[in-house]
Structures are given as C-alpha cells and as structure tokens.
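Labels run A, B, C and D following the written order; every chain starts at residue 1.
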Amino acid sequence: MLLKKGNILLTIFTALAIIISGFFISSCGETQKSEEVKQSEKTEQADQAAETEEQIEDKESIKIGVIGAHSGDLASYGIPTINAATIIVEKYNAQGGINGRSIEIIVEDDGCKPEMATSAAVKVVGEKVNSVIGHICSGATKAAIGIYKESNIITISPSATNPPLTQSGEYPNFFRTIASDDAQAKLEVDFVLDVLNLTKIAIIHDKGDYGKGFAEFVKQFLENDQRAEVVLYEGITPGAVDYSAIVNKIKESEAEAIIYGGYHPEASKIVTQIRKKNMKTVFVSDDGVKDETFIKVAKEYAEGVYATGPMDTSSNPLTIEAIKEHEAKYGEYPGAFYLNAYAAMLALLNAYEVSNSIEYDDIVQTLRTEYVDTPLGKISFDEKGDAIGIGFSMYQVKEGRFVEIKQ
Amino acid sequence: MDYFLELFLGGLTRGSIYALIALGYTMVYGIIQLINFAHGEIYMIGAFTALIAASVLTFAGLNQLAIIVIAALAAIIYSAAYGYTIEKIAYKPLRNAPRLSVLISAIGMSLFLQNYVLLAQTSNFLPFPELIPEFEFLKPYSHIIRPSELFICITTAVIMLLLTFLIKFTKIGKAMRAAAQDKTMAMLLGIDVNLVISVTFIVGSATAAIGGVLIASHIGQINFYMGFIAGIKAFVAAVLGGIGSIPGAVLGSLILGWTESFFTGYISSDYEDAFAFLFLVLILIFRPSGILGKKEY
Amino acid sequence: MTTDISASKIDGIKKSVYTALWFMFLTFPIMVIKVNTIDNIIIWRWENMFFIGAGSFILSFIWRYMISKNEMKSEDSTGILQTFSEKITSEKKIYIPIIIAAAVFVIAFPFIFSMYNTNIMITALIYVMLGLGLNIVVGISGHLFLGYAAFYAAGAYTYALLNHHFDISFWFALPIGAAIGAVIGILLGFPVLRLKGDYLAIVTLGFGEIVRLILENWNDFSFGPSGIANIPRPPLFNLKLSLSEAIVYLYFIMVVLCIFTVFIIRRLEDSRIGRALVALREDETACQAMGIDKTKIKLTAFALGTTWAGMGGVLFAAKTTFVNPSSFTIWESIMVLCIVVLGGMGSIVGVIIGAMILILLPEYLRAFSEYRMIIFGIVLVLMMIFRPGGIVTSVRKNYKFELESK
Amino acid sequence: MKPSKEKILEVKKLTMDFGGLRAIDSFDLDICDKEIVALIGPNGAGKTTFFNCITGIYKPASGDIVINKNGKKERINGVRPNLITEKGFARTFQNIRLFGNMTVLENVMIGRHCRSKSSVAGAILRNKASIQEEKDIVNFSYNILKKIGLQNSVNELANNLPYGDQRRLEIARALATEPFLLLLDEPAAGMNPNETAELADLIKRIRDEEGISILLIEHDMKLVMKLSELIFVVDYGKKIAQGTPEEIKVNPNVIKAYLGEETNA
C-alpha cells in the first residue's frame, strides 16, 4: 500500500505544485477578483479529466451511483454497500451486462454529512447516473434526496430508515430495502408488552438520527399504550470510553427491559457491562444491533438479547451465496447493511432488465410492480417506496446465533 | 448509598482511563507546548497492536499469561516507536515554526494515522479479548466493581507514581524539567534537548498504549476511530488539571470522570458531555491555568 | 573530493537502509498482519513489508533532500513571490487586464463548468468566508479559537428555524444570522476575556461542543439529530428555479458576498480598529499601556470574526437545504482553522488559497475515494513542514511620504 | 532652572504585596510639572513594580496615587492601564515590548489610538471624518518619528530595527499618546555610550520642547546624574533617600545600599 501511497503522494505533490504555482502566477496582490482565477485553474484540470473519461466510456452503460459514508467514524456502515454493489456489478458484467448495456458504479463518499451528501449528489447528477444506491444515513439521505428528485434519479437506500422519507410522499423517486423506524418500534413495543408482559421500561438511544428517531417512536408508542411505564429515557454518547454510569442508572431505575435505539458497537458495550454486573434486565434492540458482529463482540453476554431484523433469510440460498461471495472477494464476513444493499442492487438491476429501458418512469413502474428474489426474500415496493416483503421479525440470541422468534 | 458508590467507582474508572491518555498529553505539552492531537491515535494503535499480537499468539497456542504479557509489551513498544517516529517526522522539523503550524501538523498526523489503520486493517469494530482474569476474591463484589476496573485504577496510580518518580528523581527527568523551563538554556548546559523530547514522546506514548490495552480489554472492542473522542476528553482533563503537571493530569481526569458519572447518574446522560465541557469552561474562567497549573501572573 | 562524495553517498544509502528497516519494523503488525477477531482469521501480507521497505528507502532520500533544501532557503522563499506580486499590483498595465480577465472568468465559471463544479465552488466560497472571519480572530488578533463551528451552526439554525416556524425568507435571515453570530461571539467573549493561548482554545472547543450537544439533545428546539429538511434555496423574485439555475444563482450570491467580505476586511485591517487588533496579537500588555481598551477590542475582534460565521451558516443552510448537528462537529472548526493557518495567518489572499486547497483538494480527491483522507492528512503535515508560515505571509502596509524626499 | 512647583503626580504610602512578599512598602513620591525625576536602586528593589502600580498593570494593596491635571485631582489606584494612558501617562518597558510584526510607523500610530475615535462603522464606511482622522494619525505619527530621528525606517518592521532604535521607537510610541508624564523603564539598557548620549539629549529635548515631565528608572548613573533634577532611591521596596543628584551622591544610606550589594553604577 505504501508504494501505492508513494505514487499517489508524488502525483499529489506535482498536482499541488502546479496548482500552487498557478496561484502564484495569478496572484496579483490582494485584489478581490483575483481569487477566482485560482479556483478556475484547478477546476479546469479536473473538468478536462472528467471529460476525457466520459469519452472513453461506453455511452450505453447504466451508471449507478453508490453513495454513503466511506470515511470517518461511520465508514463501517457504508463500505459494505460498495462491496455489495461491486460484487453484483461484476457478476452482471461478466454475463454481458443487462440488455446489452454494461453496468458501471460510481462510488462517492458522503461521510454521513449533509453537506458532503449534497456535493456527492450534485456530482453524480452531473455525471448522469441513472440511479443511486444510497445514502446510508438518514440525515445525509434527506439532504440529498431533493436533488435526485429534481433530476429524476431513482434512489434506493439500504439503510435510511427515517419514516418521512417514504411516508411524507414527497419523494416518489425514493425506495428502500429496509423497514422504517416506526415499523420496527411498533414491533418491539408490541413484543415487550404482549409477549414479555413487562411494565417498567428504559429507553436508551445513541443520540444519532437513527437511534434517537427510533427511540422517539418507541417512547411515543409506549406512552400511548399506557400498559407500561417509561422509567428512563436517555441518550448515550457513541465512542465514550465506558458506559458504567448509564448502566448504574438503569439498575437504579429498576427497569425490567431496555429498549435500545442505535448500533451494535455501543449495544455490545452496554450489554456486556449490564451482564457483568449480574443484572438480568431484558435487552431489546433494533436492526442496527442485529448484526453477527454484535454476538461476536459481546460473546456469552449476548445470550438472550432480543433484536428486530429483517425476516430470517439465513437459509435463503441467495443469502448464503451473497455472504460467500463477500468472503471470497474481501476475506471477511460482510458488515452492516450488506444484504440490504445486495437486495437493493438486485431489485434495481432487475427493474432495468425487465423494463428493458433506462427511463425513469419505466423503472419506477417496474420497481413498484415486479417482485424480485433477493437475499431478503421476494420483494417489491409500494407506492411510497417502502419495500413489500421486507417484514421485520423479532430475534433472540440463542447459543451464539440470532434465532427468529415465531409468534 | 450503593448507587452513589457505584457511580463513584464508575467515575473513578473512567477518570483513570482518561488519566492514562492525559499523562502523555501533559508531558508532551509541558515540554514543547504542543497539543499533540495524534496522541489519541497512538492509544488506538496500542490497542490494535495488542489485539494483533494476542490473536497471533493465540493462534500459535501460547498460554494465557504469556499472551497477556507479550501483547501488552508489543503494544507498549510499538506505541513508543510510533510516538518517537511521529515526533521525528511531523514535529521536529517544526521546532522553530509558529505554534499553530505544529498544531495543524499534529491534526494532519492524527488524520493520517486514523486512516492508515482504517485502510490497513478494517473499518469494523473488532472484538478484543478479555485480558484481565476474574479474580476470585472480587466475586462477592462483582455488582459494584469489576476486576478490570480495579486493575485500571491501580495501574493508573502506579504509573502516575512512576512518572512522578521519573521526573523528580532521575537524570532524564531533571533534563526534562530543565528543557521544559528553557530549551536554549538547557542546551547550553549540555542537555541534549532532542533526546529529551524523544524520551518524552516515548514515555507518553507508552503510557497511552497501556491505557489503550486496558480500555480495549475493559470494553471488549476496538476500532480505528476510538482514539479521537478519548483523546479530546483526555486533553480536556489535562487542561482541567493544569496542563504540564503530572498530578494535575490525573486529578483533572478523575474530576472529569466523576463529573460525567455523577451527572449521568443523578441528572441526565443527554447532556453529560455538555456538562463536562461547561464545567471545564467554568473552571478555566475562574482559574485560567487549571487546578494544579502554575499561575501566570 | 571524490571520496568525500562517495562517502556521503554511502552514508545516505546507509541512512535510507536504516529508515527502511525501521519502517518495516514499525508498520509490521498493522500492515502485514490483518486479523479478523470476529471469525478468527489471520491474514499475512508479507508483500506489504517489501513495499514499505522499498517505499521508505526511496522516500527517505527525497525527505532528506527536501529537509536540507528547506533549511537552506529558510525564510527567503517568500521574497520572489512577494516582489513578483508587488510588481503586478504596482503596475496598472499588468493588473488591470488580470482583474478584467479574472472578473470575466468568475462570471463565466458556472456556464463553462458543470453544475457539480459550481456546487463545489459554492462550498469553497462559504469556507472562504468562514476562513476570512476566523482569520480576524486567529490571524489578525491572535486568539486561538477551536469552536468556530458553534457560530456557523448558530447561523444555519437561525435560518432553518426562522424559516420553519415563521417562513422568514433567505434575504431576511442573512443579516439576522450575521447579527446572531456577532451577539453570541460577544456573549462568549465576556467570560473568556482573561484567557489566552491554549486555554482559550480549549474553552472555545468546549463551547463549540456544548452548542452542538444542545442542538443534538434539545429536540423541541432544534429537532434533534434528525435535523430540519426542506429549507428553501435563496429565492430570486418569484421565479421558480431549477436545480442547476438555483446553484448558479447561489454561486453568484456567494461571489458577491465573498467580495463584500474581502472588501470589509480590507478596510478594517487598514484602520484604527484593525491596527489595534494586530497590536493585541503582538503584545497584550503593551497594547493596554498604549491606551487601547483590551476588553473592548477583544470583544470587537470576536464579534467581527463570528459575524461571518453566522452569515456563512445561513448560506450553508440555504445551500444544503438541510441542517442537522452532524455538520457542526469539532472537525468543522478544525477545518476552518487549518484553512487560516495553511493559507497564512493574517493574509486575505492566503486564506482564500487555503480554503480553495482544503475544500477543493478532498473534493477532487474523490477519485481516490478511501485514500483521500489519508492524503489529506499527509498534505497537511507536509505543507506545515515545508511552509510552516502558511502559503502566503501577510505584508504590512507601506506608507509613502512626500516629506521624505525633501 | 527651577520649574514651576506644581505637582502633577503624588504618590502616598504606596504598598504592594505579592503573596507574602512586600514589594513596595509605604512609598511616597511627588513629581512636579516639567521635571525629570529618576528612580534608582539595586536590582529587584521594586522599581518596575512601582511603575506597574502607577500605570495600572498592578492594583496596589494600599496607598494613594493621585494625578493633578489642570488643578483637578484624581485618585487612580486600580484604574485600568488604558484609562491611565488616556489620562496622560505613557510608559516604555524594561524588556522592549514593541509590536514586532508591525511597521515602525504603525507602532507609533497605535499610540494615537486613545486620541482618536473612528469606530468599526467608520472603518468600513470610510466617511469623511474617519478619512481625515486617519490622515491626521499618519501625519502626527510621522512627525514624532522625525523628531525621534526614525523617519528613515518608517516602513520597516519593528523587529528588524537595531536595538537602540527599538528603544527610541518605544519612546516615540509613548509620545504619540500625548502624555504629560512619560515613564521610562531603563531606556539606556544595552546602549553604547554614543547612543546613551543621544538618548540623554532626546530626553532633555522632550522635556524642554514638549513640556513633558519624565520619570526615569535607570542603572546608568552617569545618565541619571546628568539628567535628573530629583532622585529617589529605593531598596527592598522602601524609599531610602531622596534629593538632588549632589545630595544623593553623598548620602550614606545610598552608599550602603549600593556597596552592600554589587555596585551597578
């Protein structure tokens, strides 16, 4: 890698040298206008580069933007999506593409930040992508979705669960292969109340747009129901060195169950600390926790934890194949939202294949009518863009595996 | 009362963790007045090295104790080596540059190290083996304190004493203090200032590595980003205690740990960090040089 | 003679070999071994060790060469650039055409280049504004500020909330955002008047985090982490603008505002207030002894700096049409600080160049995708080592006196 | 030449503590209009501390500092330094404290800050008044530099000036605030005999031409004896003697204080 890095470094050095000398030559003291000259020289180069690239490209190819967090603290949620897209595209292209068109993916990083998301969106719109798989975070998706809408670009997110994205009906171009927060929250609340019959509940979230949004729904549903009492509603800070204070507080609140909104790294820390304190509190969480990594990290402490997730598809041959492909290509078990992204990609490509078109209206129509076999089951999309056939079930960790609870 | 005790011990542990990182911050700051932003990354690299070493050794089939010792040693050695190298590359050429430039260089280094580990290893969270065994005698108290917590607190105390000893009574410690006072003068007195700075980085980084290993083992998982927040918090703790002072770093860390623990326990964890920062702001407003810091006129 | 040269050559090779060996050792666990403790797999990548060895062997030559060159030229390097730029500015024949060309180019930019480039340029221009603002606080008056994102957030949320609740339009929100930036700047200024240097830095860092945490947690006020969506772009009368038109329009707004910013800051710098700010940076005690009210001038510096952050925030909200707290982390503050320091403290041109590099570089490094942040880190370190004073050093104004010739 | 006996500064029983250490102990001092007064004493006797008290950098523990201007008396204990400067005191520093990265002219222009009033709005709008004010500031400052003899390095950075010039620039900067009392803290430190002689000339000229009183801390006894009309001797924070140069030369207390330690003069 360092050799590569060395090369990149040298290129960067030269590029920088050119740019800087450009700046210097054009820098005429502190006059206000001169600043813009400098900008231009840089963009010009980049633009030319982009243009030449375009010429080489096959005009017929289907371009799919894959956008999400690929750097920074949330990279682990975005990178599996690239992997899924890459694997599928390679497979399709090896078979000659779709209806004679090759498929091309354009990967863009949004760091889960709204401003980077809009830049990335504008960029792929400029590169004339036909559709987008992404974004990963709800916030980034919300920031970018308007841009796609105005440009008639279909967007399928593997992981943005914020309800208004579909339920507001404002974004006909938006689809997702994951259930929205409120669906999950409803399922969990019902489970805790009806199946487990618990009455004292602590709601903990990670202050993120996913975790807190989910927790808000849980709180709302619990309060509407009246059967149970919310004894604690708190946010924790992801990445904090330990969670002993909040664990003590949960203990003090005498909650019978914890409903946690957030992702597995924090969940496993909390579960571990709770169990090590000999607390028997029931731990119920969301799809962000229903991840093999959670069990691998929390080990024996994960036993008994409940988590919602897409209906069990681990015996689905497509799932097995998808995971195998990932392990073969990347040498590790796939990370978060891999299967969702895999399903999104399959659904999208299927729509291109079946409709034999690359027109926006045709694809939207096909997505809404055609059912596709994916690792998540046979799915299609409803009018608002939520996936039909992606139901949620409750899982419990038993002997180191998530086992679906049949109700 | 139990609840209070639990929060107290929780805060103590958290504070001790901050302290292990803050010690390195404070030592480096004391000697070259640099906020070493890459320090949190050193701590992360320590944890990663320990994990890699432990995995390889487990694979090779060594016994538990040997694994613990070798993994910890590897973490310390490598972190120290990284600290040393970083100083040589990113800070030494900037010895006479404006202080802000060095700060930016440190930020760049921090970004580099984070992404270096991200690219060379993985973006995922990795489970970290529990290195500290359950002690039998602690079993009855397991609802109050865990062995790893006890271990962390004791280690921090020992390291603080060792560092104080190092600085107060050894030759290199005296050289460090001299260089911290006045580098030119120290040089004239025949002290190899570059060596002193290197040693400071090595010692600070080794301390951070110990912190990294202990915390990783305590919470059971690591990823490439773990150093950033811990680093910022530790820095805050170091300033709180009076940056440049070894007992100050520990005191500041403990206060920060307790503040966070009690605030979460009795009020709300929503504003836990906000309160910690507010507390810091208030302390600095009323005592601008920190709790144990030297007063500037 | 020849033996000398060959001896130094051998010495160099020796050094490089040592460096290579050292780096091979250093990067061994992280680069060579890849562990996956989830599945208990260990992958050995010995080839990386070779690459590192070879790479660091070569790079160490370049490194030593660059360092020695750097030490030799020390401070004169600015000379050529400065005399050159002075020459340009002093001769009307040269600089008028350049200004005209620049103006034409700026106007033509969105029509020549793609929407994406224009959009990126808007971001860069927002950062130019932020950088210029922070430059007043850090570069000119010498206060290390690490919480600039708080004011940026204040501006963005001002527009987002005012629009959400009261349908206030962009053009009204812009001055309000700026004013709120200034007011918060002064409010923060009071308690930290006594603080200096790193203590000030850490207090402002704390302040920035507090603001972000409040935005994150106080749902009733700020809508928490899910943020506020559908913020309108700046309206142009009552026309309905398409996406690309809106971007071009915003681009021109940004250009005008940046020119406005530069104009104001230039005038400030060259005034009684501006001089007092610089004096404050140079020596606080002497500054006071010369009759400058430290409190007043410090608060002025803060307010002048944070006004631009407030304004930049409004523009940011209008550009992304969405705000949530994740846009205002400490990294944002660090980024703006990097712009100021990298560009050259106290220099307007420097800050503009700094913003262009730091915003455009990662953007155009997208091609390198996952490598871009690592490259960004390396660039920061290298730039500081080889130009610690920033790209452009600030120049003081020259006064000319007719009396001199007498 | 006996100047008119109107007192412009009266210091009574001034006391200043640092922790447990008494740096100045019940110190009395008067300065009359257009008088050159010197404050001497061994190192660490409390001279600079005394300066810092008068100019507001330290707040004295007790005692009075009263200025008398146009017949109006005002106690200025603990008043902030910038206000004291506004009232008409100006000082230089023992360890030169110029604004190093500003030009020579700008340094002097800073001195004009408290005598001008254009605000942020004025700076941005550049209305007639502020343009005029700016012009006045530049001209005034330039004239001072001419008087001091630094007119040839107007645009030079203060840091790049030779040592002696830096000392003189400090005086110029102080003069720009239009003081009636100038406090000079070891102005001749580090100067060669030639420069010192020039400095003596300059100080005399300032007093004679501008009518500014001068309070001087100095170790160079030749300079002190030559310039000052009244000398105060301080040791361990206490005044041990006061009088004309001739009186001081033969004062047994002074001799003891100086011989007790190492003689500086």
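As a convention for this text, contacts are C-beta pairs under 8 Å (C-beta built on N, C-alpha and C of every residue); 3 or more make two chains touch, one makes a residue touch a chain.
Since the model is a prediction, treat every value here as computed from it, not as a measurement.
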| item | value |
| --- | --- |
| Other chains in touch with both chain A and chain B | C |
| Between chain A and chain D, the fewest steps along chains that touch one another | 2 |
| Longest centre-to-centre distance from chain C, chain (CA-based) | D |
| Chain pair, C-D or B-C, that carries the greater number of C-beta contacts | B-C |
| Chain B and chain D, separation of their C-alpha mean positions in angstrom | 49 |
| Centre-of-Cα separation between chain D and chain C, whole angstrom | 42 |
| For chain B paired with chain C, centre-to-centre distance based on mean C-alpha positions, whole Å | 29 |
| Centre-to-centre distance between chain C and chain A (centres being mean Cα positions), rounded to whole Å | 30 |
| Residues of chain D touching at least two other chains | none |
| Multi-chain contact sites of chain A, meaning residues that touch two or more partners | 1, 71-72, 79, 207, 235, 293, 296-297, 332 |
| Multi-chain contact sites of chain B, meaning residues that touch two or more partners | 115, 118-120, 122, 124, 126-127, 270, 273 |
| Every chain pair in contact, whichever chains are involved | A-B, A-C, B-C, C-D |
| Of all residues in chain C, those that touch chain A in their complex | 27, 31, 34, 36-39, 41, 43, 48, 51-52, 54-56, 58-59, 81, 84-86, 88-89, 94-95, 98-99, 101-103, 105-106, 109, 113-117, 119-121, 123-124, 128, 216-217, 219, 224-227, 229-230, 242-243, 247, 255, 258-259, 262-263, 266, 316, 319-324, 326-327, 348-349, 352-353, 356-357, 360, 363-364, 366, 368-375, 378-379, 391-392 |
| List of chain D residues in touch with chain C within their complex | 55, 57, 80-82, 85-86, 90-91, 93, 97-103, 105-106, 109-116, 118-120, 122-124, 126, 130, 133-134, 137-138, 142, 146, 151-152, 154-155, 157, 173-174, 177 |
| Interfacial residue positions of chain C with respect to chain B in the complex | 22, 25-27, 29-31, 33-38, 40, 42, 48, 67, 70, 138, 144, 191-192, 194-196, 198-199, 201-203, 205-207, 209-210, 213-214, 217, 330, 334, 337-338, 341-342, 345, 370-371, 373-374, 376-381, 383-385, 388-390 |
| Touching residues on chain A, where the partner in the complex is chain C | 1-6, 8-9, 12, 16, 19-20, 23-24, 26-40, 42-44, 46-47, 50, 70-72, 79, 107-109, 112-115, 117-120, 122-123, 125-127, 138-139, 142-143, 146-147, 150-151, 162, 164, 207-209, 212-213, 216, 235, 292-293, 296-297, 331-333 |
| Contact footprint of chain B on chain A as seen in their complex | 1, 71-73, 75-76, 79, 207, 234-237, 239-242, 244-249, 251-252, 264-265, 268-269, 272, 276-278, 293, 296-299, 332, 335 |
